[in-house]
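So the structure is just underneath, and the comments pick up after that.
Labels run A, B, C and D following the written order; every chain starts at residue 1.
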Amino acid sequence: MTAPREYPTALGASSTEKITLLGHDLAEDVMGSVGFGELAFWLATQRRPTPGETRVFEAVLAALADHGFTPTAITTRLTYLSAPDSVQGALAAGLLGGGSRFLGVTEDCGRFLHERLPGELPVDDAGWDALALETVRRQREAKRFVPGLGHHVHKNGDPRTPRLLQIATEEGCYGPHLSLFAAIGRVHPQVLGRTLPLNGAGVCGAALADLGLPLELLRGFALLARTAGLIGQLAEELRHPVAGDIFLSVDLHNRSVDPDPYEPGGRRG
Amino acid sequence: MTAPREYPTALGASSTEKITLLGHDLAEDVMGSVGFGELAFWLATQRRPTPGETRVFEAVLAALADHGFTPTAITTRLTYLSAPDSVQGALAAGLLGGGSRFLGVTEDCGRFLHERLPGELPVDDAGWDALALETVRRQREAKRFVPGLGHHVHKNGDPRTPRLLQIATEEGCYGPHLSLFAAIGRVHPQVLGRTLPLNGAGVCGAALADLGLPLELLRGFALLARTAGLIGQLAEELRHPVAGDIFLSVDLHNRSVDPDPYEPGGRRG
Amino acid sequence: MTAPREYPTALGASSTEKITLLGHDLAEDVMGSVGFGELAFWLATQRRPTPGETRVFEAVLAALADHGFTPTAITTRLTYLSAPDSVQGALAAGLLGGGSRFLGVTEDCGRFLHERLPGELPVDDAGWDALALETVRRQREAKRFVPGLGHHVHKNGDPRTPRLLQIATEEGCYGPHLSLFAAIGRVHPQVLGRTLPLNGAGVCGAALADLGLPLELLRGFALLARTAGLIGQLAEELRHPVAGDIFLSVDLHNRSVDPDPYEPGGRRG
Amino acid sequence: MTAPREYPTALGASSTEKITLLGHDLAEDVMGSVGFGELAFWLATQRRPTPGETRVFEAVLAALADHGFTPTAITTRLTYLSAPDSVQGALAAGLLGGGSRFLGVTEDCGRFLHERLPGELPVDDAGWDALALETVRRQREAKRFVPGLGHHVHKNGDPRTPRLLQIATEEGCYGPHLSLFAAIGRVHPQVLGRTLPLNGAGVCGAALADLGLPLELLRGFALLARTAGLIGQLAEELRHPVAGDIFLSVDLHNRSVDPDPYEPGGRRG
């Protein structure tokens, strides 16, 4: 016979009189003085970020928040069409598309770069270039892509990449992951024989890794950003619904019949 | 100091030598002798259904398993496109569309009929017709639809309805919910001034309620049926992929660009 | 034969050279200058919030981000234990608990207050008190609770409530929803015969409604806040895992056996 | 300008008068004559299974349907506690635990065996044993486990395994995957120096592969089985709720306070 197990947490806790978050008084010391990006960083690392780190982190979240009619956005809208009673279901359905293909590049790139960093880091661009050259060569020999390299639309350069490198530099957050990523951008044509852009999802992963966020959860930050985007998609769907038309454009049969006025919305079992 | 709480369950349990399900030896008495529909009924009610009840139950599941390119099917395919590493995510995303509009009619209809049944049930068709007349009148006065009445495609009758009524009759499972539902089908033109079909989703809800399944979970059986359908959709997507085309038909911009051969599949951040 | 349907969106869009978000150049005008709370507000309303509105909004998000071992937090940790390959699944599973009971008070309260606001608003505290008195009386007569009133822990007052009222006042965001909510706090003892606290979830709903955010999506903002909290829960689970112990505390049988060293983690079919 | 894209499907379709499923008249030829396990197989393969194949398939589903208080079961109950308005959310949340650790063995084992099958199959037990020996040796050399080998509870043998082998034999469905799996059971002690059980999840994967079901979706059938189990868990939760106690056993703080009678259920923001 033993005492009930206690599960410690350093996140939220409360007593009759007080609520704490991360060990601080929630009402007095967090609400009104900690921004949401800053708080998300703090929750994930148990370390309050500097204003510079917060700026880089929020730039990453902005870069990943919404990309228009992605599968995740379409899914959230269709799920809301089917089950408007459950906003949580519509958001969850959209997030479930945040796997290996869409949204996954951020995590893949951060992990990839991390695994290639040697114990002793290069000290200048020449050193980073040498490391990058070896990195790209090995991927090519293994017939594998370099995560974060290439983009199917922004062939001449992804505008998010130089901007994030610039912000990270301004804030003193330009660390080894971004250094290796930038070097890959410089040297890969020597190996691949063509010039590919460093894409925005990849540079975001590199920046998150440089901020010291847990590599296992890099995808989580892309999902956090996307949650804000999906709420935006739902808000737009409420103002200007298109999910019904998207559905009918796929299910042509239904398009050919008149909706029954007795059962608006084409409700089906 | 107290003993750890024990949580009883009458479902699955195991010891080193034996596994039980519903109090029976899983390997000896369930595997190989209990069909899947029968088992699902048993798990939900803790009562093994008769062969006749199983036949009605499985007819309902067949009726609800797949309706082509519904929002749930599209969602499962799009989520699999985005996150092919997570079949569970693709199925879960599809099921999340099983709310009030699509799939919900089954539950709404079963509950609606149940709430209208009086303590003392009618004993003949005339009695059921009188109850049905009152039921439809009250809905009309409240300006509310009768769940299960009307269909946007099968305007002249939903073929599932007479078939399920027939099977339930054959198996002695034609109870008060189906009786009231059928009576609504007979009398509603007197009130509404037009003839509407009793739809398949509705008759399924009535049949499930007559089988004694928990009303709070009627939607759950529609979701069980749909899980089989969504696996069918994924299998078809594997054989003949269309999710990418559906995505591009919505996101016209992406259609206008060549996919980059370096990054197949149009992977994006 | 018709042209493919075009689906407009005012959110994310891109061309070969440029990416826009909300009509602005993402790289130049959003990244590095728009905070994440500000961006989430903007995405949901198509209107850039003022710094004061952003501060109120972020205070709400902080108030809702994490409450320790809630069912949503436990669910996310257990799902990650079962399927560590899918961070998106663990987050989505947690968010699915954001329904009517947990997290739902925020939306319920915002909607409730909104529905009670008359066309012509009161102009002073006496007017708000009269409206609040009528509101509480009607709920009592209908034997219904007032959403946002009462808390099972913070019986003497929820510290988030006065703090959020203060922040909203400081930022000029104290509108009719907060006015009615505060008045309910003042007058309800006259009707109910006891003094209950205005809870934090409720005041958050009132504040979000005063900020002009879509009422249909108030729950969505609670879910956005909780996404950050759930990432924090996962980060803590990575540093200090407890999900296995939680599982075993429920499934006592498994606790009684030695884990097989050949299959670490107690993997089961 | 082009015609709208048509998306073909061989699953569900309907016209005004008729509904088809898998090319058959749903009402006349499927409802009342096709069992649910049979239908699920048919939907996934576009091939109607024989009665023998159906029996093996349903034995697998029975073996995987419910294992008591697994993380998936706890998750479904906790999510229903939090959001009782969304049965679909509770089921989806539970299924999201069906990843690599729990439920994943079935798929891992089926794929593993498939990849080890040579172009020309062994013709007798000696041949299978030789293949199995090589298979186990290679795994050991690579310091990897053999999927399906070992169980943390059923150390002396998993009762599902011999039973499923027997049923498959009876029905003429004992093919190469089961043959290799059984041979691994015979020979692995020679390599590993200890005798481990062939577990039930693994034998299910081997049987599903022998039935010709798509390897990419083997996890999907485990999830289908588990959907029935999770509905059983919800039904039990409705009859005998324990989710609240599970939650409070983790969140000890809340246990120490009296629930407020004004807000039953301990509702929190």
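Here is the rule we use: a contact is a pair of C-beta atoms (placed from the backbone, for glycine too) under 8 Å apart; a residue touches a chain by one contact, two chains touch by 3 or more.
Bear in mind the structure is a predicted one, so any value in this text is a computation, not a measurement.
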Next item on the list: Write down the chain pair with more C-beta contact pairs when A-D is set against A-B.
Entry: A-B
Note to self: Farthest chain from subunit C, going by mean C-alpha coordinates, please.
What the structure shows: D
Check: What is the distance, in whole Å, between the centres of subunit A and subunit C, each centre taken as the mean of its C-alpha atoms?
Finding: 20
Notebook entry, point to check: Distance-wise, how many Å sit between the C-alpha centres of subunit A and subunit D, to the nearest whole number?
Noted result: 31
Next item on the list: Determine the centre-to-centre distance between subunit A and subunit B, using the mean Cα coordinates as centres, and give it in whole Å.
Entry: 35
Notebook entry, point to check: Could you say which residues in subunit A touch two or more other chains, in rising order?
Noted result: 4-5, 7, 13-16, 63, 67-69, 83, 85-86, 88-89, 92-93, 96-99, 103, 153, 155, 200, 246, 249-250, 253, 257
Next item on the list: Specify the contact topology among the chains shown, as one of line, ring, star, complete or other.
Entry: complete
Note to self: Touching residues of subunit C toward subunit A in the complex: what are they?
What the structure shows: 5, 7-19, 21, 25-28, 30-32, 34-37, 39-40, 43-46, 55, 57-59, 61-63, 65-69, 86-89, 91-93, 95-99, 103, 153-156, 158-160, 162-164, 166-167, 200, 214, 216-217, 219-221, 223-225, 227-229, 231-236, 238, 240, 242, 245-246, 249
Check: Contact residues on subunit C for subunit B in the complex?
Finding: 4-7, 13-16, 83, 85-86, 88-89, 92, 96, 249-250, 252-253, 257
Item checked: Contact set on subunit B toward subunit A in their complex -> 1-5, 63-64, 67-72, 74-75, 78-79, 81-86, 89-90, 92-93, 96-106, 145, 149-153, 155, 196, 199-202, 204, 222, 243, 246-247, 249-251, 253-254, 257-260, 262-263, 265-269
